[in-house]
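Note that subunit A is present in both complexes that follow, paired respectively with subunit B and with subunit C.
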Partner chain A sequence: MKVVNIAKDFSKYPAGRNKADGPYCGELFRETHLEPSMQDNKELTIKLDGTRGYGSSFLEEAFGGLVRAGHTPVKIKKLITIISSDSSLKEEIFEYIDEGGD
Partner chain B sequence: MKKTTLKARAYCKRLAEKKRVQQTKEANIVKHCRKSKTYQKKPTRINRTISAPEHFGVYNKEKRSVFLDFLAQLRLYSQKCRICTINFHKTKSIDSDGGILLKAEICRLKTIFGNQCALRCKPSKSNKVNQILKQIEIFSDLNYTSNATLTRDDVVHWRCAHGNLVDGEKYEPVLGIYDGRIAEEISTGLYSTLTEAMANSINHAYKYKHRNDGLKYEDINNDWWMFSQSHDNKLHIAFCDLGAGIPETISESLPRMQSAIKRIGLKTDSDIIKFATGTGKSRTEKSYRGKGLPQMLRVISSIPDGKLVIFSNKGMLRAIKGKLDKHEYRKSSILGTLVILEIPLKSMET
Partner chain C sequence: MYFVTWGIAIVGWYISNRNNNLREDRKEQLSSIETLKDDAYELEGLAVEYHTSSSRNKELEKQIKLKIQRLNQRIEIHQLLNNNSQKCVIKSLRKSITLDNFDTDSHYALTRDCKLDCVSAYIPLGDKPDETIRNRSLRPQSGARH
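Right, the complex of A and B next:
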């Protein structure tokens, strides 16, 4: 199983939605770290701790964006495991996955 | 017919020559300005000095009005004059909200007019004000070399950042120094709040309408400014943009909200700001977007003694201990959006 530590493998400063917003946006994270595993149907663990924090734009675009890219919420939740010391972040991400296609 | 004396003729000649030089100077300025892309109106004066107000801030109604009139005057003379000098002589106090608006306005005017108008300043008679102006780099923005030494404890902690992207790294120079004095969950909440404020500036503030400041300038930079300062074991953060303001942009970014605003009968800016903080709808009309303002409110409400104040155009919304109150400044608009956050700091000893 592949493990992605956002702070180490992506940035300590994730922020923004699209690439036009800034350098470490949700769209870039989704494209580089989430979608390859989703395409290959491989399990993926995402570690959220260690960054400065997460804005709703980043999380929604990264995870909710997977639904808009054509992956079902059931498949996403099956393949992706979220690890965070802040349980509310996990809930927020699942909410974005459930609402992502609205 | 009376003959003119030699002295009178020399005087008339000098007068005509002076007039000719003046006309040439003005013609050259007009020519220079027309070449510039930012040409707005024919400069009518070469030089102008504006007296800065005693107090820089936007909370108090009267003082706010004087301060915002001063900013309007600054915009007007930057447009009309070759050299515009701000005289800070009478200035006695600068709040973070007033300081950030002045800083932002000066940056914007420099971007618009470039070399067409040189902005200069004269220092204050107050040493504290001079220290603040030096610390937040307004003196250097105005090409003034100050010999004020930064000694005051309530000045040296001022920090500022400016950007035009959603760039989380900008958090560090402004707020990284408070690591250890802010609980980690508050720090992550602040980070998300401020990066969402950056996202709001970039995706909403400048996107739909021009700022109604009479300059007819199309902002393409999406600039934002951020300040922090600590005082009495409290951390004050100010974040602002000089876009069209929440009340102007919300109906553009969310057409369906426009009808809701009309249906409910929201007329004032403060009503619309309050409405915006309580919605999860967004630019794309989908529930998953545009949660920036509600997120700010949620984060600050979760911090004991946390305070959030949002000024946008003529409206103000304040959240203290989960309670909301609003105010409408009927006569004076800040022409943009200013978010003030206040959170308690752990004392240095703990």
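Right, the complex of A and C next:
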């Protein structure tokens, strides 16, 4: 199982929705870290701790965007495991996965 | 008779000590609530400043995200809310400030009279901690703030 630590493997300052918003946006995170595992049907663990906070726009684009890209919420939840000391982040992400297509 | 006297003294000391501990505990809780309220109001100020500004302010974006994170940690450390309420409040707070028109170059200024949902998101913080204190059987002292 692949493990992605956002603070170490992506950025301590993840921010923004699209690439125009910044270099470490949700769209880029989805394309570089989430999509490959989803395409290969491989399990992925995401560690959220260690960054300087998350904006909802980043989370929505990264995880809700997976649903808009054609992956079903059931498949996403089956393959992706979220680890965070802040349980509100985990809950918010699952909300975006459930509502991603809306 | 000798033992009765000592017994009464020990029981008296125990009750007095217990009441002192409860009073100190309550003082600490109230102090934490006050700090939490200050942090929440400060966050509100930053959010209003950010969203009413006509241009994107990246420094403010970082501050706001960090403040939300710290607010969450403070609630957790002092156990001011139960787990479900905390998740709900922090999630609503973060979404109301950072979901739309945030961390984006297409940022636009909202008007002063525009409703920001963050207000309704953190109002429960003022009530729930008191509920938590009551649930811990800490009786309000006379003259204590609520």
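The working rule: the second predicted complex is superposed on the first by the 102 of 102 C-alpha atoms of A that agree within 3 Å, B and C clash if a C-alpha of one lies under 4 Å from a C-alpha of the other, contacts with A are read in each partner's own complex, and residues count from 1 in each chain.
In the analysis below, a contact is a pair of C-beta atoms (placed from the backbone, for glycine too) under 8 Å apart; a residue touches a chain by one contact, two chains touch by 3 or more.
Given the structure is predicted, the values throughout are model-derived calculations rather than measurements.
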Partners on subunit A (subunit B, subunit C) - clash or fit: clash
Partner chain(s) touched by A:D21 [first = subunit B, second = subunit C, both, neither]: both
Subunit B versus subunit C as contact partner of A:E91, first or second or both or neither: second
Which superposed partner A:S37 touches (first subunit B, second subunit C, both, neither): neither
Partner chain(s) touched by A:E99 [first = subunit B, second = subunit C, both, neither]: first
Which superposed partner A:Y13 touches (first subunit B, second subunit C, both, neither): both
Which superposed partner A:S57 touches (first subunit B, second subunit C, both, neither): both
Listed stretches 235-243, 253-261 or 325-333 of subunit B, narrowed to the one that overlaps subunit C: 235-243
Overlap of subunit C and subunit B interfaces on subunit A (superposed complexes): 13, 15-17, 20-22, 25, 52-58, 60, 86
Complex contacts: residues of subunit A adjacent to subunit B: 11-17, 20-25, 52-58, 60, 64, 86, 96, 99-100, 102
Complex contact set, residues of subunit C against subunit A: 61-62, 64-66, 68-69, 72, 83, 86-88, 90-91, 94-95, 98-100, 102-106
Parts of subunit A lying in touch with subunit C, wherever the complex brings them together: 13, 15-18, 20-22, 25, 52-58, 60, 86-88, 91-92, 95
Touching residues on subunit B, where the partner in the complex is subunit A: 165-169, 171, 185, 187-193, 195-196, 198-199, 202-203, 286-289, 291-292, 295
